[in-house]
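Each of the next two complexes has subunit A plus one more chain, namely subunit B in the first and subunit C in the second.
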Partner chain A sequence: MDFLNAIVALSNFVLIPAIAYGSQLALGALGVTLIYGILRFSNFAHGDTMAFGTMVVVLVTWWFQSMGLNLGPLPTALLALPFGIIACSALVIGTDKLVYKFYREQKAKPVILVIVSMGVMFIMNGLVRFIIGPNDQRFADGERFIISARDFKQMTGLQEGLAIKTTQGLTVITALIVVALLFWFLNRTRTGKSMRAYSDNEDLALLSGINPERVVLYTWLIVAALATVAGTLYGLDKTFKPFTYFQLLLPIFASAIVGGLGSPLGAITGGFVIAFSEVTITYAWKKVLTYLLPENLAPDGLVQLLSTDYKFAVSFAILVIVLLFKPTGLFKGKSV
Partner chain B sequence: MKKFLMATAATALMTGGAMADEVKLGIILGFTGPIESLTPSMAAGAEMAMKEVSDSGKLLGGSTVAPVRADSTCVDAGAATAAAERLITSDGIKGIMGADCSGVTGAVLANVAVPNGMVMISPSATSPALSSVDDGGLFFRTAPSDARQGQVLADVLMEKGIKSVALTYTNNDYGKGLADSFKSAYEGMGGAVTINTAHEDGKADYTAEVGALASAGGDALVVAGYVDQGGPGVIRAALDAGAFDTFVLPDGMIGSALEENFGSEIDGSIGTVPGTESEGASIMAKLTEAAGIDGSGPYVGESYDAAALILLSMQAAGSVEPGDYKAKIMDVANAPGEQIFPGELSKALEILAGGGEIDYVGATAVEMIGGGEAAGGYREIEFKDGKITTVKFR
Partner chain C sequence: MSSNPYQDGRGNKDRTITKSGGGTLNVDTGTEQDKHTGEAFLIGDSMTGGYGKTGPDILHDCTIAVNKGEIAVIVGPNGAGKSTAMKATFGMLHLRAGSVRLDGQDITRLSPQARVRQGMGFVPQTSNIFTSMTVQENLEMGAFIRTDDFSDTLAQVYNLFPILKDKRHQAAGELSGGQRQQVAVGRALMTQPKVLLLDEPTAGVSPIVMDELFDRIIEVARSGISVLMVEQNARQALEIADKGYVLVQGANAHTGTGKELLADPEVRQSFLGG
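Take a look at the complex of A and B:
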């Protein structure tokens, strides 16, 4: 019984939140890694691209809600997702035509593009705040829980409750579908193959007749879709606030770099590595250990390695360690 | 041109010399920021007192009072200091009703009020640290120090038989001060605080914080935070994870936003807000209702009292200069003298003009102690069927 309680407590506070958070990070990191692999720069505007896409989803969701349109137990935001993706695609393609194209034609060094993307980041940041304001916005609706802590306790008679939020389940399922689609696209379709070819060797790809502008266009479209989906899932699961998307940039980059920049598989692994480290290192293990250990060994303290204030420090520390010892990341991406 | 200049100068001199002119009072509250849903009614409460005094036409031979609002932001000391500077240098105010949150109040006091010799009466800064600040007799508050609230909260918990709690506070002067005073009072009575940890405001997600709190355990969770900031996030995460069902909520967490967000999900949760059972409170409730102000929020009465105290002290001193009237505030607030309730400011002005003495009771039974802070009564509240209900007064 104690053992079961320990497992349930662990799942409730560590496993489930970390899996949901990891999926959100993985989707974000995939976007960053695609840009790095194909367009060859670190896109610092990614967090705010996510915020922009999510903002459109939020606005459309409100519109649907005011018309009484909903998906029953599922959040209305899913219905609004395509609109967010279209608006976000228009934004990033517009940005590319206005800004990045100029530097690409000049064959500017990656570091210049990084700085340019920072400028873009601030503009997008301002744009989102200007349209929807800097505050928290709630747009989640539908059933809140797949199973709530109270129901679980009644069902099983255990002391510990297990809560699985609808948004958490939705995050994991959507992430699986999106990742499967992405890999199918990159490995099986002609366009996907030409994108990988362009990423592997630009000159060779150009010689074999691949149209670079087309590759760039498709990349931005995919990135916009990934960013909007990741942002919306994060917003549904937590709340939508422009500033938190800006802050997400650090764990997202950490995920992409830990996995290996330019490697989609690495981005996914990296997302989960970062999410699990953040959650397990800042979790207070007292409860789980009290259940597991014999009574006289039960801990008095909280058995917490780091206070939760240091959550972002964890991703930063992992980033530094990986860059020191394995600069290409776990999956042999490009070195930074 | 020369004549015109002369004329302007002459007018300026005359208006400066005459008694019957406009007195400006600054209202520095966090109109944006973590308590932005509370401040509009607080400012309206203070402005109600000013209007009452202006309408009576008895302040210093018929002077009128004009409020000037400024934003303290509640959290940004730099912005609050700049706002207060502006009020003094460009608006020429004669007293400050504010600031609201403890951190910015300390900053405005040290950087602006003391150097400029400006009187400040805060309706809601409750940090114990402000009691011992070197204020040159310029700083007062109509809200009691949190040292007292911590004590009251501990009393309430003990009476309910809640013997162990987890404690989280917003990471600033207010949260830390309240958490410390509560912890020492509660442990002094034999209660156990299983964990005492800060939460940062404005995060998207408090799952990790709640994980630590839940791991430490306890019968209830004390959230010493803000109702428009991280506080509801912590409660939401705790409810979602099934970690706590009962919450203990000090003044910063009590607001109608809580009823809207959680409804009956937090039934049985308890809290304390400054407030009294005195006659003044019910008169105030009627006055605010007539004026169309939401008088149910915290610190509306305190704001009214703060503004009224400044104006009555000016009358007692016969001068609008802070240096002159600062010494009168304690006299006006405390016995002896005739008791003054809200809505009776005109009567009070008359008594003072005739050289009499008053004991200002106001909306919150003002009684100034020590270095000029309210002795403090509290209202114990409980959530029943999704509504905030008053249990009793302490």
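Take a look at the complex of A and C:
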């Protein structure tokens, strides 16, 4: 019984949150990795792109809510998602035409594009805070839990409860669908293959008649969709606060680099590696250990390796370790 | 390093491919040597020029021509401008004088991409395949500009290179050197070109594989495609060549059929090692 309780407690506090968080990071890292693979620079504005897309979703959600439109048990935000994706696509394509295109024509070095993307990041950051304000915004509605802790306890008679939030379930399912669609697109369609070809060998892609501007356009469209979906899922799961999205940049980049920049499969793996590291290191293991260990060995302290305030230190440490010992990441991406 | 502050010297990136437009068309200045280019299918006529608008001239009044269904080979010492001469016919150079004509049509001002659409296929010497993609995907990308059904061409390429059919779902980067070259040639053949340009197709492959590659190239030429190639292995290349060009310092030094050049004592002395 104690063993079962330990597993339930572990699932409740570590596994389920980490899987949900990992899916969100994976979607974010996929966007970063696609930009790196095809436009060949690290897009620092990605976190704020996510924030912008999510902001539009939040605003449209509020509008729908004021009209009484909802999806019953599911969050209204799902209905608003397409609007967010469209607005976000317009923003990134506008930015590309206004800013990045100039540097692309100059055949600028990647490092210059990185600095440029930082400028874009500050502008987008300001734009989002100007429109919606810097504060926390709640926009999740519908059913809160798939299984609540109390129901679970009643069902199983265990001491520990297992709660699965609707947003967590939704995150995992949406992430699976989006990733499946993305891989199908990249591996099966002509346009997707041309994007991979361009990422692999730019000159040969040109010789084969692949139009780079077309490839870049499709990349931005996909990145906008990925960023909006990732941002909305994160916002539903937690809350929407522009500054948090800016901070998400670190774990997202850590995920992309751990997996290997430019490798979509790596981005997904990296997302889960970072999420599980962050959650397991900042989790207080006292409860689980008390169940598992004999009574006289039960820990007195919280057995928390790092306070949650320092969770970014985990991604940062992993990032540094990977860059030192395996710069190309787990899936043999490009070195930074 | 160029003077443009936005750029860096990413050396292996051949940016000349992206050049839009092309060289300028000037009056044929003529050469002193008789090259019998009257019936040529592709001809780079009296080309003078170098890389970039301001770069020094690498080619000096150089003429390269290939007839329909024949194999023309460019040989010469290191740094003679062999690859440069071939790239010039493909529009990767800024020509200050001379012209390039394909099937009687002047293509001097076309970009390399436009020349692909006109029926030229080009196989670069290095990074000539998509390493992360499967063999079949490489061939599909070769046919990117085709909107019709290209399964016939795919079958033909697999027929020509049976080993590729066995490995069609394998990543091209995992293949051996010779097989990579087959993928590279196959990719270029997918557009059904009328002229195939090969930049040192046998660089870095073993002698046995080299013989096999030459056999395949002869087969390609027999199917009516003109082949223009640059080769390090001058002797073997001239043996299969209908026409050979020996370049020295960017200018024509000797021209003739492959057999003539092999028999020419001066060519033997200087390039074929006696």
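In the analysis below, the second predicted complex is superposed on the first by the 336 of 336 C-alpha atoms of A that agree within 3 Å, B and C clash if a C-alpha of one lies under 4 Å from a C-alpha of the other, contacts with A are read in each partner's own complex, and residues count from 1 in each chain.
FYI, contacts are C-beta pairs under 8 Å (C-beta built on N, C-alpha and C of every residue); 3 or more make two chains touch, one makes a residue touch a chain.
Everything numeric in this text was worked out from a predicted model, so none of it was measured.
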Inset, instruction - Using the superposition on subunit A, decide if subunit B and subunit C clash or fit. - result: fit
Inset, instruction - For A:276, select first, second, both or neither according to whether it touches subunit B, subunit C, the two together, or no partner. - result: neither
Legend entry - Which partner, subunit B or subunit C, touches more subunit A residues: B
Inset, instruction - Return first, second, both or neither, reflecting whether A:312 touches subunit B, subunit C, both chains, or no partner chain. - result: neither
Inset, instruction - Could you say whether A:185 touches subunit B, subunit C, both of them, or neither, answering first, second, both or neither? - result: neither
Inset, instruction - Go through the superposed model and pick first if A:62 touches only subunit B, second if only subunit C, both, or neither. - result: neither
Inset, instruction - Determine, under the contact definition given at the top, whether A:13 touches first (subunit B), second (subunit C), both, or neither. - result: first
Inset, instruction - May I ask you to decide whether A:200 touches subunit B, subunit C, both, or neither, giving the answer as first, second, both or neither? - result: second
Inset, instruction - Note down the smallest distance between any C-alpha of subunit B and any C-alpha of subunit C in the overlay, whole angstrom. - result: 39
Inset, instruction - Indicate the residue numbers of subunit A shared between its subunit B interface and its subunit C interface, in ascending order. - result: none
Legend entry - In the complex with subunit C, residue positions of subunit A that touch it: 103, 106-109, 112, 190, 193-194, 196-197, 199-210
Legend entry - Of subunit A, residues touching subunit B in the complex: 9, 12-14, 17, 144-145, 148-150, 152-153, 161-163, 165, 234, 237-239, 241, 243-244, 278-279, 282-288, 302, 304, 307-309, 311
Inset, instruction - In the complex, go through subunit C and note every residue touching subunit A. - result: 4, 6-8, 13-15, 17-18, 112-113, 116-117, 122, 124, 127-133, 137, 140-142, 144-145, 187, 191
Inset, instruction - Note which residues of subunit B are touching subunit A in the complex, please. - result: 171, 195, 197-200, 202-205, 207-212, 214-217, 233, 240-243
